[in-house]
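Pasting the structures here.
Each of the next two complexes has chain A plus one other chain: chain B in the first, chain C in the second.
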Partner chain A sequence: MVKYVLKRMVVAVPVFFGITFCVFALVMSMPGDPFSGMLDPSMTAEYKRRLLEQYGLNDPFLVQYGKWLGRVIHGDLGYSTAYKSRVLDIIGTRIGNTALLGGVSLIISTLIGIPAGISVAMRRNSLLDAGMTIFCFFGVSVPAFFMGMLLILLFGMTLKWLPISGMVVAGANNVGLAYALDVARHMVMPATVLSLLNVASFMRYTRSSVIDVLGQDYIRTARSNGVPRRSLVSRHILKNALIPIITVVSLQIPSMLSGALLTETVFVWPGIGQLNYQAVLNRDYQLIMGIVLVLALVTLLVNIIADICYAIVDPRIRYS
Partner chain B sequence: MNGKRVIAFFLILMLTLGISVSALALGDTLRWGVYSAPKGWFHPAIYTDMYDAYILMLTYSPLVIQDESSEEISFIPQLAESWNVSEDGLSLTFYLRKDVKWHDGVPFTADDVVFNYTAMCDARVNSTGYGDKMLSIKGAIEYNEYTTALMNGEAEGLTPVEGVEGIVKEDDYTVTFIYSEPYAPALVKFADSRAVITPKHIWENIPFEQWRSSPELGAPVGTGPYKFVKYEQDQYTEFVRNEDYFGQVPAIEHFIYKVVNQDTAQAELLSGDLDVVSMISDVREESLKVYTDAGMIVVEKADAGYQYMNINLRDPKLSDVRVRQAIAYAIDRQAIVDNLLNGHGIVLDAPMIASSWAYPKREEGILNPYDYDLDKAKELLAEAGWTDTDGDGFVDKDGQKFAVSLIFPVGNKVREQSAPIIAQYLKIAGIDCSLEAMDFNSLSPRMVTGTDFELGLIGLSIGSDPDVFSYFHSSEADKGNFNMARYEDADMDALIEASQQEMDPAKRKEIFYEINTKLNYDLPFLWLYSANEIRAITPKLKNYDFGNFWEFMNVETWHFEE
Partner chain C sequence: MTQGISGASVTRKARASREVYSPGRIAWRKLRNNKLAMFGMIFLALLIIAVLLAPVLATHDRDAIEMFSMDKPPTEKFILGTDSIGRDVYSRLLYGGQISLGVGLAAVLLQVTIGVTLGAIAGYIGGAVDAIIMRLVDMILCFPFYVIAISMAAVFGGSAINIVIIIGVLSWTGVCRIVRAQVLSLRSREFTEAARALGLTPLEIIRSHMLPNCVSPIVVNATLGMASAILTEAGLSFLGMGVTPPQPSWGNMLSAAQNITALQHYWWQWLPPGLLVFMTVLCVNFLGDGMRDALDPRTRQAKE
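Let's look at the complex of A and B:
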């Protein structure tokens, strides 16, 4: 097992370099540069040339990639042209916000989606099952943007229960518990929007996986032997149905970190999705690369963890 | 049931969180919402976009600001108490206020002014203000060249240049700027957010090359009505009023610049989370009605900028003035203003602010308004040799169909919507126009270098002086700047130079009328419309107003009344 994990990590290294090289090539081939958006009659061509020189953007592509890689190996992700601070610092503040929002909604959606999936699978073709199926279609198909606006209209504007945007009340400068409460209030709506989609997909996967297991011979045997329902679910069904669920959940983690762009935009949540989008618009090369690097690392890591989880829940899976 | 318990839990959570709302509300605070975040480049020599400029206007002060309520060009004293221009028009002297303190308590003097503008000329700072404001000042170019040499390590053997010859400190509260030749827009160059004064005692301690990466860049110390408190990237920037402000001390204690989403800002204003929503671009009647129906106040004024269609004059088809005039006649610009802007804007006849003294008004009958006239458009195209010989609906010449591509940036909703309408108008006139949308950073290199570019939509905000040097002087044609049309005309060059040197306002006005008449005929690009600037505010906020060139021109008098 340990050997397998080590092997996976070794394989991850060339994959990792491949990802960064491809993304670097794509990013650099975008038309424009970090300063082409600054059209200003008072800005001379000389001024722009100097800035490009200063950031080493006049070098050939391979030289730039080499320099970038050299810095990364020394733990330096470079410098953002748009924010004028170190990429690592910027990502550091932002990834926390996204992880908080994504983590909370992942926990909520797992806690709701999986039990709900099991319970509808056990009552297959009942009214509840049909109702939940409709809910799932709704959850998967309603765009996050639209859902966010609906919540804002209801809880922000009409009922005035919840703040509409941001992460804290601007200028309140709360600390301690008051701060945590403030963030929690601001998080209710975006977390609900993010969770809705995941609840729906987790529930669908759990349902079909459980139904699959329910049709197996050993379940029928266990049932006919009078195994109580509670232990049937936890010991026989869930354990066997978990493999596809782990896959779905582990696929969600990287996309939670990178893909909450719409939700973050609607609620002006200062997270990594928004940052990434702005970085692309600003042609902030080092920042784009920094974000890609972090996300690639997370994805590779989550994949390895998922593999380990498979082996834990299913002793038949052995890695060698 | 599991589900019910979960729902109940959430409802309780929402209620408890909801109850704590009132406890967090602030007292005397103005929350000013805008769609984009400042980047944190709070220095006049370094910032590049208007979101940072807003912050400079709150925290710093310039020597003067323009009096926007006046028809004629006039100025309001700020850090300068008074000023005068010498008889020969070659020098401009500012007499500074003696009671001004920086936000950290240090007194403001002439040294700050000299240091500020000298640094603007320093190549190591690489300021965008150098090309705009400093070129005509005596000795600025020499100083810039010398500091360039210093920066490149090639200064050995050169005679050191200690500062800019034309920036002279007369005494602790008097500064004179000396020009190489009479320069009419001199005073106006000191009246914008790029001309605000920064403190010498802070910036002199930082090597010029490091200004761009210094922590001071994100924490401005100025002389303005509000003191900087805190900058939360992409969330908000917080200010507190400057109790020692040299003007009237602001009535509202706290000021929050909040980043809001364009689609939800309306909801935030209505729910009381914001007091001012800036830059409303959705001008549909039903959208503005939401504000007024809820008792909010909509404030509107003509903008200091306009949208235009850039034309590549080096393209053989478009270099013919008759073709450009045909295009102008073929596009019903008034219909665009009526339908897309719901009348919240105007059609322009020249590339200037319509309210400017330099802009000939419609009733003067000097400029051709190019009212929609399809027949005239076709006639001009035929004159230029373009007729529909093969009956495919598009005009052709020498067997070539008239096909152009129109590129436009995404972002500005009205501009995005106008592109297909313009293409349709051109098709009706027999020009096959294809569309290409892209983000601004992809578009601007194509326009600036002139490659792969025929027609393109773009917007411009212009300074308070009508000077058009950067847009239409031939020397700017290949500099990668704003003469993207590549307009080169010796007569125009002479007129522009004369307009810069003429100190007499009446004569200067005449020159600008001539410039506009010529531009109106030549159409180096086609000015489309100028959309109004719209803000929405809560009715509790009194005395609110905003300026085109100085957004917070009366911020100190804003106050709340229940």
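Let's look at the complex of A and C:
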């Protein structure tokens, strides 16, 4: 097991460097420089040149990458020129909001998607199964931002039930329970949009995985040995069917972080996706790089953890 | 053993009815019986025809601006009203469809080309080359998709061609893995050795003896990939990082809804493109899923 974990880690190292290198190359080839967005007419060319020099933006490419990587190892992700603050601090204030939104959606979609997938798999080709299959198709086909806008129009503007943007009522300064309720009200719509896609994909994967297991010989054997239906489902079917679901759920975490970009932008949720959109608009190189780095790290980590979980649950992986 | 018996009985049955079904025909018959897939196929066919006939069907010029008809609701003259600078929404929808569907198709072609090439190289050569290509796949799968996509769009600038490149470069990994696995497993088979002994070049072996074995998963993957490519184009254009106006695409027409007034009062500006993206993606998914069921021999058995 230790050997497997180590092997998995070693594979991740070149991937990590590859990612940072590619993104750094990309960010550095962005047109314009971070100071041209400031539009300060009093800024002379000489002053601008000094600023570029000061921030090391005139160095050769590899030198800049090396310097940057060296700082990263010491936990310094750079300085955001647009927010006038350390990149790590800005990300720190935002990532919690994304994690909250993503976490709630993930829990909701797991709680709905997996049981629903199991129950339709057990009633294959029924009316419920057909209905749910179509629902899943709708869920994976509707553009997240379009869905978001429809919700804003319906519940935010026409019915005026829910706030349409942000995370708290501006200037309300609620504390304690009132604050939590305020956030929850703001979260209903973005969480619904984010969950819809995941419910659909969890349900489809669970359904096909359970159906796969149902066709196995050992299920027929268990049935013919008179195993009661309840324990057949819980001990024989679920145990085997849920193994691949680990991968599906864990793969959804990074795609949630990335997919949240559109949802967060539509609902102006102050998370990392919305921050990233702003950073690209502001040409805030260091911030973009920092966000991509943090998200890539999270993705890598989640993938490693998922692989390890998989190996713990399914010994066949460990020894292959 | 079981295979032999069922194979023999199939041949006998086929002989009895004097008709032999090729795998392709069996798949087509299964697809034809799938109502959702057929619905998707017909809808897409009609849509493609409508979009290709845009110059004939459009009632106005794509970019023609009616100075005094901004934000006008649907009338006889403007079937779906006008947008914020007085252009005909219906005509722009047709031309926008050319871009949205074209981007989806081109992006899929690009991702299949990259995926098949790298997958075949990785599987056939193996060793260090394989390791490098597989690390590349791991790397791309770690990229947070929209995050990297909007950064790339910001660097290269938004245009239909750049969107195709961005989607293609970021989504070839699925096809690559399929082809690599297939080539890897066929590399040590007898017929490959025989082909090599006959003096066929690796390119010929891969092209005519290995790739035909993975056509079905590639086709399914490409179809479903087209659905996500259309969604991605819409998303990027909606954010203003995709196809740039005045060239219309369903995505950038949708961004009209970012304006609160338009969202509340001018439904004809954003609802039709939104519904078209949704319906197109839905139908492509119907078709892709139907093709997976039709082409996968495992579901063929399970459904009987």
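What we mean here is this: the second predicted complex is superposed on the first by the 299 of 320 C-alpha atoms of A that agree within 3 Å, B and C clash if a C-alpha of one lies under 4 Å from a C-alpha of the other, contacts with A are read in each partner's own complex, and residues count from 1 in each chain.
Note that in this section contacts are C-beta pairs under 8 Å (C-beta built on N, C-alpha and C of every residue); 3 or more make two chains touch, one makes a residue touch a chain.
Only a predicted model underlies this, so the values are computations on that prediction, with no experimental measurement involved.
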First, second, both or neither for A:276, with chain B first and chain C second: second
Which of chain B and chain C A:243 touches, first, second, both or neither: neither
Partner chain in contact with A:295 - chain B first, chain C second, else both or neither: second
Partner chain in contact with A:313 - chain B first, chain C second, else both or neither: neither
Partner chain(s) touched by A:140 [first = chain B, second = chain C, both, neither]: second
Partner chain in contact with A:51 - chain B first, chain C second, else both or neither: first
Partner chain(s) touched by A:14 [first = chain B, second = chain C, both, neither]: second
Touched partner set for A:261, first chain B, second chain C, both or neither: second
First, second, both or neither for A:157, with chain B first and chain C second: both
More chain A residues in contact [chain B versus chain C]: B
Shared chain A surface residues [contacts with chain B and with chain C]: 30-31, 149, 152-153, 157, 265, 283
Residue ranges of chain B touching chain A (in the complex, touch as defined): 2-3, 6, 13-15, 17-18, 20-21, 24-26, 29, 31, 39-41, 48-49, 123, 126, 128-133, 194, 212-213, 217-218, 230, 232-236, 238, 254, 256, 258-261, 263-264, 267-268, 270-273, 438-442, 444-446, 448, 458, 463, 470-471, 479-482
Residue ranges of chain A touching chain B (in the complex, touch as defined): 30-33, 36-45, 47-48, 50-51, 79, 82-85, 90, 93, 111-112, 115-116, 119, 149, 152-153, 155-157, 159-174, 178, 181-182, 184-185, 188, 265-268, 270, 274-275, 278, 281-283
Touching residues on chain C, where the partner in the complex is chain A: 36, 135-136, 138-139, 141-148, 150-152, 154-155, 157, 227, 231, 234-235, 238-239, 241, 254, 257, 263-264, 270, 274, 277-278, 281-282, 285-286, 289, 302
Chain C contact footprint on chain A (complex, rising order): 11, 14-15, 18-19, 22-23, 26-27, 29-31, 134, 137-138, 140-146, 149-150, 152-153, 157, 211, 215, 254-255, 257-259, 261-262, 265, 273, 276-277, 280, 283, 288, 291-292, 295-296, 299-300, 303
